[in-house]
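First subunit A sits with subunit B, and in the next complex the same chain sits with subunit C.
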Partner chain A sequence: MTTESAALGRPAPPRLVGPIRGLIDIYIAEARLAIAQQLQYRAANYMYMIGMVAEPVIYLVVWSTIAVQQGGSVGGYTPGAFAAYYIVWTLVRNINIVFTPYGWEDRIREGRLSAQLLRPLFPIVEDLGFFLGWKPVVVLLWLPIALFLSLVFRPELSPSLLQVAVFAVSLLGAYLIRSLNQSSLGLITFWTTRVGPIFQLYIAAELLLSGRLVPMTLMPAWVQSLASFLPFQWTFGFPIEALVGHLSNEQLFGGLLTQLFWIIVGAILVRVVWHFAIRRYSAVSG
Partner chain B sequence: MSPADPAAPAIHVADLRKTFFVPVREAGLRAAVTSLFSRKTKAVPAVDEISFDIEPGEVVGFLGPNGAGKTTTLKMLAGLLFPTSGEISVLGHVPSKRESAYLRQITMVMGNRNQLQWDLPALDSYELLRAIYRLHPDDFRQTRDEFIELLDLGDLVKKPVRNLSLGERMKVETAAALLHRPQILFLDEPTIGLDVTMQKRIRTFVAEYNRRYGATVLLTSHYMADVQALCKRVVVIHHGRILFDGELSTLASRFGAEKTIGVTLKEGGEAIDFAPYGRVIGTEDGKVSLKVGRDEAPEVAGRILRDLAVADLTIEDPPIEDVIESVFAEASRDLAAAAADAAPAAR
Partner chain C sequence: MRPLRLFGLFLRMSALNELQYRANFWLQLLQSGIAVGTGLAVLGLVFSQTPALNGWSQPELLAVMGVHILMGGIIGSLIQPSMDRLRNDIREGTFDYILTKPEDVQVLSSVREIRIWQAVDVIVGLVVLGVAVAQLQIGLGVVPALAFALAIVFGGLMIYSFWLVITTVAFWIVRIDEIAELFQGVYQTGRWPVTLYPGWLRISLTFLVPIAFAVTVPAQALTGRLTPETLVLAVAFGIGLLVLTRAFFRIGLRHYSGASA
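What follows is the complex of A and B.
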């Protein structure tokens, strides 16, 4: 009890845990909440995941057919290599699902942001924790889908231990890069109210420049060189290639470093945009 | 002013202003197209140079009609809005800086706003709040269990929030907002939409929290029962300006132009015409209610006691709702008069 509160016969203020333990507690609590929420809607979530598989399966069928018609491969990708690419794609895609700019729209419109701003926590930290939290559930739900796709499409996949390790780390990198980029986009809502059209542009660029639509090595050289200056391929193409491709050790570690670079850029961008966005929100929100 | 200064008010507001710039345009397609190239805005002063201090542990009612500037002021105090000008200090902090140390000491309850996870039991959300506020687990559990008892939450905290009634949800929300044991409570219509029993429960809880932890409370409510039960002092705001700042009882004496005299005559008495004593506003179960001027009330009551065979006589202040209404009516008349005075000069 502090001297003042003791003198007044009042309980002392609650004790606080240290900042590091506090941050760990937040991630654990967010993860628990996220998992509990996912389990609440497990059937709906599973249907969503199954629906999401449609996109890579279409790409896989199209490219496999082309490969067969061209004598067995396209740009070095056999049907088995395509199968490996797009089955791993399904995992990468599930891991890099993040809080979208539409979420920011809803959050502002429904007044939930005000409640978040009253808490001593940067809202984006909350988002990162929540979405990261339910990834273990996602992986568990993904396993049967991956097994089924493997039985149907027969992927050619024989990664080394190092590749598996780099892949695992790169998934986290992909998640962080995509989260930070989409948070920056979401913050545009503070000025525009609606962010849909800008987000659609982002998705279009991502489709072409990330390896989401097609492996980057199959893209024209100028697209590949344009993509090398942008963050997109580090959220899709790199993690997939790390596991299924034939990247050298230098390329694997260089890729992780590049992801780190984009995480730092994304974090700085979010901080800068947030600084102006929150001033804007505080100035106009009635 | 430092947070450690015990003589400092908990909340200090000086010459606070907030002006919103609202886009305006005429109706129709042409105006819509024109607005693409030339956007017009109108300055709307929501809060207009208000000043007040609130001492630690005080519970103050912040009253005003819709659009008066109450919520805008609360949001500036909570750090959600930047003031256009003026000075705010809460526990020695400048709210708009939104420092963690400040946010840990305040809470804002906005009626009908949901901050709990909709699909999960409130206990899960409470655990997240513990982490966000970095509360020591033992202290958190103690506070949580104390609130569960005080608010009679029982098993409500174990049910998914979406399965709770509005009143039940408001109780678990109120507990959630106070789990970090804030020193300053901004309560914006905390009992809106609740039934009388639930309103009373929330009021009792706020009063108990204030007594137990010495917290400072600034409360807006359209339910005068909330204000009467909790606040000795009220600040009345209208069109962004403070009309009154003082004791609730003083408000009634200053703005309540009339008092109500209730008279019950002894049985067997003759029918009496009360018109000479005052304006009769009703008769119920033999009790006649008269409106008389505030200053005349003692004299009229004396006459009634002298002239009639009285079994019971009461003198009451008007209901606080009526007093507040007369404050706003007076302010509107003053504004209209000021506008009329200014009009010739503007021509």
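What follows is the complex of A and C.
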């Protein structure tokens, strides 16, 4: 039924949440596929990672310099604390790599979406599975980079067991929030292909409001209060500070609950946007 | 000057081609505007915590940002498009068609793709530079202006050499698409003067990836920090790099086996 109507360009909406067993099977299959693919291109993966590491190293150098100039610390962060913040940042960033909103344009233009619609599986679930499956490879490749950065920049870091546990769970939360929101964003491509400025604005907002650029405590008060109404800081600032900061137990568990809230919002949003977006889809090829 | 004539020819062709899509100019301008806004926010944040960064004042760092945007526009419009195409051609075997043309292979591969709308960043960079120079209130003499122009030209040539060297690697390792991401990441370091970075990184950003020569040195020329020795070093290193790059490209060429034939 679903397949037939999809081929006619009138798809019945695929289910976002199917039976749990089925979803787990899908994730395992996608994970295998992702691991096999990515291990083939180790050199390419590494180039990508080194290019990505430049960003936190820049922030780290700039803010460590300021901390030293201000007599050892700025906003409560010493160079060692900044080093911890930005090295953990590299892991969070790697976990946060999801299907890019720019990818939707290729997917639609080249007609690959038509093939995906034929499968009895929500395309965004497929993305979630594939990128999640890639993560073990990413973490494996990340370890030497983290070791190198730690030797060079000497992070100060002494998390409790609880902090490590909350950090690990928050990584999954961050991944899901960012995946779902970036998917909603990518779906704008169904209405217009001139999406560059929209995406760029979103990325700029994320940079400034998430703790990706600097720890949120260094931001002006009004930026911090603005950020508290948005999902961004739960994808960067919260996981990092859960591990390197001094959050109370209430803040740690409250943070996980807030992540859950944003996951639910993100899932509903992507579902609603998809509902309207897919009606506009008409395949050219594929 | 055959290379220049070829360059002019391809420039005219891509201009004619891209002028069909005029809306792209406004899109590009909007994107550049967002990038400048973000950059200014970051500078504002830094200077809300400190009066000077490693001896550089706010207008001086604005000048660095201007050069960074300007050079980014040169890379995006003149350098990277041809290199992307060269990399794809080598992978797919369509590089054969270049070899059959009665022109210098390196020159032809280097000027084939020009994206004129990307050059919006050159203008935006110049505007940011103008504001920075006005804020500096030291004026701009003829000698610093000439030194700046020379530094930009040789900085651009060094970035071109770097791009051609890494693209030449495609003759041996076929899949190197991520090299573009790698360069974009590393290029962001130029947003700040390289003197800020620890020694090993500063040296890498000077001689391994010539970002110091491409961004910091021109900015030094405008802020009265450039010594004649540095400028001479930039020119000499630039010429040396061009010669080495040409030799390396020829070696790579011999490893091209074709894929389509």
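As a convention for this text, the second predicted complex is superposed on the first by the 260 of 286 C-alpha atoms of A that agree within 3 Å, B and C clash if a C-alpha of one lies under 4 Å from a C-alpha of the other, contacts with A are read in each partner's own complex, and residues count from 1 in each chain.
Note that contacts are C-beta pairs under 8 Å (C-beta built on N, C-alpha and C of every residue); 3 or more make two chains touch, one makes a residue touch a chain.
Given the structure is predicted, the values throughout are model-derived calculations rather than measurements.
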Contacts of A:V62 with subunit B and subunit C, given as first, second, both or neither
second
Of the two partner chains, subunit B (first) and subunit C (second), which one does A:R194 touch, if any: first, second, both, or neither?
second
Looking at the overlay, does A:A54 come into contact with subunit B only (first), subunit C only (second), both, or neither?
second
State whether A:Y41 touches subunit B only (first), subunit C only (second), both chains, or neither.
both
Could you pull out which residues of subunit A sit against subunit B in one structure and against subunit C in the other?
41
Which stretch or stretches of subunit C touch subunit A in the complex?
23, 27, 30-31, 34-35, 37-38, 41-42, 45-46, 48-50, 52-54, 173, 175-179, 181-186, 188-189, 191-192, 196-198, 201
Interfacial residue positions of subunit A with respect to subunit C in the complex:
41, 43-45, 47-48, 50-55, 57-58, 61-62, 65-66, 69-70, 74-75, 152, 194, 196-197, 200-201, 204, 207-208, 213-214, 218-220
If you look only at subunit A, which of its residues touch subunit B in the complex?
4-5, 8, 10-11, 13-19, 21-22, 25-26, 28-30, 32-33, 36-37, 40-41, 111-112, 114-115, 117-121, 126, 279, 282-286
In their shared complex, subunit A is touched by residues of subunit B numbered 6, 20-21, 46, 72, 75, 78-82, 96, 98, 100-101, 103-104, 106-108, 110, 113-115, 117, 119-120, 124-125, 127-140, 143, 160, 180-181, 183, 212-214
